[in-house]
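We just call them A, B, C and D in the order they show up, numbering each chain from 1.
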Amino acid sequence: MALSREQIAQRVAQELKDGYYVNLGIGIPTLVANYVPEGIEVMLQSENGLLGMGRFPTEEEVDADLINAGKQTVTMTAGASLFDSAESFAMIRGGHVDLTVLGAFEVDVEGNIASYMIPGKLIKGMGGAMDLVAGADNIIVTMTHASKHGVSKLLNKCTLPLTGKGCIKKVLTDLAFIEIKDGKFHLLERAPGVSVEEIQQLTEGELVVNGEIPEMQF
Amino acid sequence: MALSREQIAQRVAQELKDGYYVNLGIGIPTLVANYVPEGIEVMLQSENGLLGMGRFPTEEEVDADLINAGKQTVTMTAGASLFDSAESFAMIRGGHVDLTVLGAFEVDVEGNIASYMIPGKLIKGMGGAMDLVAGADNIIVTMTHASKHGVSKLLNKCTLPLTGKGCIKKVLTDLAFIEIKDGKFHLLERAPGVSVEEIQQLTEGELVVNGEIPEMQF
Amino acid sequence: MAGFNKVVNSYQEALAGLEDNMTLIVGGFGLCGNPENLIKEIKRRGTTGLTVVSNNCGTTEHGLGILLFDKQIKKMVASYVGENDNFESQMMSGELEVELTPQGTLAEKMRAGGAGIPAFYTATGYGTPVAEGKEVREFNGKKYILEESVTGDFALVKAYKADTYGNLVFRKTARNFNPLAATAGKITVVEVEEIVEPGELDPDEIHLSGIYVDRLIKGDFEKIIEQRTVRPSNQSEQGA
Amino acid sequence: MAGFNKVVNSYQEALAGLEDNMTLIVGGFGLCGNPENLIKEIKRRGTTGLTVVSNNCGTTEHGLGILLFDKQIKKMVASYVGENDNFESQMMSGELEVELTPQGTLAEKMRAGGAGIPAFYTATGYGTPVAEGKEVREFNGKKYILEESVTGDFALVKAYKADTYGNLVFRKTARNFNPLAATAGKITVVEVEEIVEPGELDPDEIHLSGIYVDRLIKGDFEKIIEQRTVRPSNQSEQGA
């Protein structure tokens, strides 16, 4: 069965390592914070100028001057630091963030990603996403594998305006965990109960299936 | 008679305006701080990361962590701010400093300045001087008009490696206050008791003498 | 006003000289740390044809959004259009010119503008619509695009505290673009919650030197919260 | 060492992995804020063939000067040669390779290195020997040269205070190049006067985030003063 949003977040969280500085995008990526494995510490970077983002505040703690990149009120953890936007993106662009998790509309076999606009229909703006995909070495894209109508989002070539070129190596969808290399999608893991054939069918770009593909473990 | 070092500083100080942020180079320029006219406030920028440089400390105030660009122990005035070297030169390069005073070995009619090395003889390094001359709009160069042997330092063309190209508009020597424009030196003022002919003789580059040249007032 | 005292006493005075068709660099991230009273004064003045450089354009009803509503803005340079329906619709209709700029590039363009760096290379946006018309160059085997700096006729800034010399302290994530914007204005106007005497701020704790500040005014702030997310207060504490 | 605790307990450990022919970015302005104990450890190790990027090279007897004395440095990238006779003489003799770099350009090259900006344009050095071999480009009628960023295998930094996560606070003009150097090292090692627990530093007062710091050690410092200039203490006070 396809993973729920929570399960996608849970699987991504398994990629966290102790001491990682992590930037989580808006939407599913934000949920990853709820599944940090036991015994592991990570610090969350929010590109509006905070490293060490904590939980949502209580009613009493709410502070209009303390928000995350999704403009939600948040708190700080012990050891947090604050800085301006140029410094925040110096961290990001300079490759100092260990892991970036963000959503997308489409990815393709060349590691291209489209996530910020659908011409004539939707313009969100790229926010910090273009900086994040260009600056980070270790990125996980979370997205649904295909549209409700069964149209694949893992393409030979992105159709929408790009957010970044050749920068995505790992994609976690509701159906599969996939690595992008050598111009192909490589199937690493399947969602529990989802067959390789199902994944194959909903993947437009060339999918390499090497040996037995394990199910994700939770 | 030629101006003393103190008199050069005193004349430069007359160019200060209320509210000026000023960077004073090592040597004679440093002395300018002693002659800030009554009723005028200026703030001194030291490019190693201090705006609001005060006097030398008393024995009790000496702090190894508080020095100026000449590596002398200093104090801070009320309203001082501290910052890193990139920020310090952002101020300088970005043209936020109102007046820069610095020394030189040579200047020429094109506004070129040489101040940081004499090949085969002396290498001091440019320190912040190249940034200062490139970033500031309002610069006064203080120097002796000629060498001890009577060789002019106000040239048709600098002979030493340049610190900056076409960036000097005002020069105050021990003999004269000179403006550089249209590829010529323009004599503005004479040191008290120094004749136009004397200045002319010690100025290699073309010197424009327009009408009666007043003596400097102290 | 003598010496280094930057304090002005009215918002009219704070924005004296602001004219139609000028370029404004405006601090704030959404409504967080936005110079809300300076923006209201622009609305009052009815200045039009403005080019506004700011991460986003407020919401439909608050922050820079109120200038969009009155069609005072001709062009926006911003990274994010969301949370403001007028922004998206005026952009789609072509009524509003928009230069979508990645957030980090925007921040760096402001910093560069203030720092006398006319242009810099960044990998951000390479191979995307942002790169159109821009030089591409390779350094150490990686592709970068050339981005030029930005400056404005005015910079509008919100800080937390200042001394009368304009030395600024920001608070939490309300810092964001504010110190960068402050460096990039020909005339930089800052509104703050509190003004103290020179010497009262620890020089080591000043976030931005007063050298960048031309006018300073004390304001009262609404501080609208866009997304009030809270947890029940009976959960144990983990944040600081 | 687990999670974000960056503290190491010996200078040997602090510089583990430092090898001959590496590039070091070193904070400090002369002897002010220089990582003196880390430098002494390099002398002890006898590492040679080093390229050192730092504003100057200490004095003949202190700071980076002690590495020059032992000829451990192959190349210096610095803005200022004065106050160190060995520096000038090794440079004149050609024994030491020197890349004289304007102070502001040097600071910006470090910042750019840490910030993922491979190159930037600056007017500094245009038309001078510094511009040799560098691209010249005009922006808005003014000439600029292209300067590339710098990074190092190690960055050696002196800060005043840190928490165990490596969040740093600097003190007065001992800040100088230190936070910039810290961003530009593959491995950034910081020595400090005091280490506190996370949460003890006000997040708004942290000068540099611990994300840049790999190793942290508490040291004792000589803090040699190069030019002790004093005034008689019976003069009235004006400074703060």
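Please note the rule applied: contacts are C-beta pairs under 8 Å (C-beta built on N, C-alpha and C of every residue); 3 or more make two chains touch, one makes a residue touch a chain.
Because the structure is a prediction, the values reported are computed rather than measured.
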(request) Would you identify the chain whose Cα-based centre sits farthest away from the centre of chain A? (result) B
(request) Tell me which of A-D and B-D has more C-beta pairs in contact. (result) B-D
(message) Can you work out the whole-Å distance between the CA centroids of chain C and chain D?
(response) 32
(message) I'd like to verify one number: the distance from the centre of chain A to the centre of chain B, where each centre is the average of its C-alpha atoms, in whole angstrom.
(response) 55
(request) For chain A and chain D, let me know how many angstrom lie between their CA-based centres, rounded off. (result) 36
(request) Mind checking the centre-to-centre distance between chain B and chain D? Centres are C-alpha means, answer in whole Å. (result) 28
(message) Give the residues of chain B touching no fewer than two other chains, as numbers and ranges.
(response) 50, 76, 78, 80, 82-83, 89, 92-93, 135
(request) Check each residue of chain D and list the ones that touch at least two other chains. (result) 108, 111, 115-117, 122-123, 170-172, 199, 203-204, 240
(message) Can you work out from the touch definition every pair of chains that touches here?
(response) A-C, A-D, B-C, B-D, C-D
(message) Per the contact definition, I'd like the list of chain A residues that touch chain C in the complex.
(response) 46-50, 54-68, 70-78, 80, 82-86, 88-89, 92-93, 112, 116, 120, 123-131, 134-135, 161-166
(message) Under the stated contact criterion, what part of chain A meets chain D in this complex?
(response) 18-19, 21, 40-41, 43, 45, 51-52, 76, 78-83, 87, 89-97, 135
(message) For a test of understanding, state which residues of chain C touch chain A in their complex under the given definition.
(response) 29-33, 55-56, 78-83, 88, 91-92, 100, 102-108, 110-111, 122-130, 160, 170-180, 207, 223-233, 235, 238-240
(request) Within their complex, state which residues of chain C touch chain D. (result) 108, 112, 115-123, 137, 139-140, 142, 144, 148, 169-172, 175, 199, 203-205, 240
(request) Going by the contact rule at the top, pick out the chain D residues touching chain A in the complex. (result) 2-4, 111, 113-117, 163-165, 167, 183, 197-199, 203-204, 206, 209-212
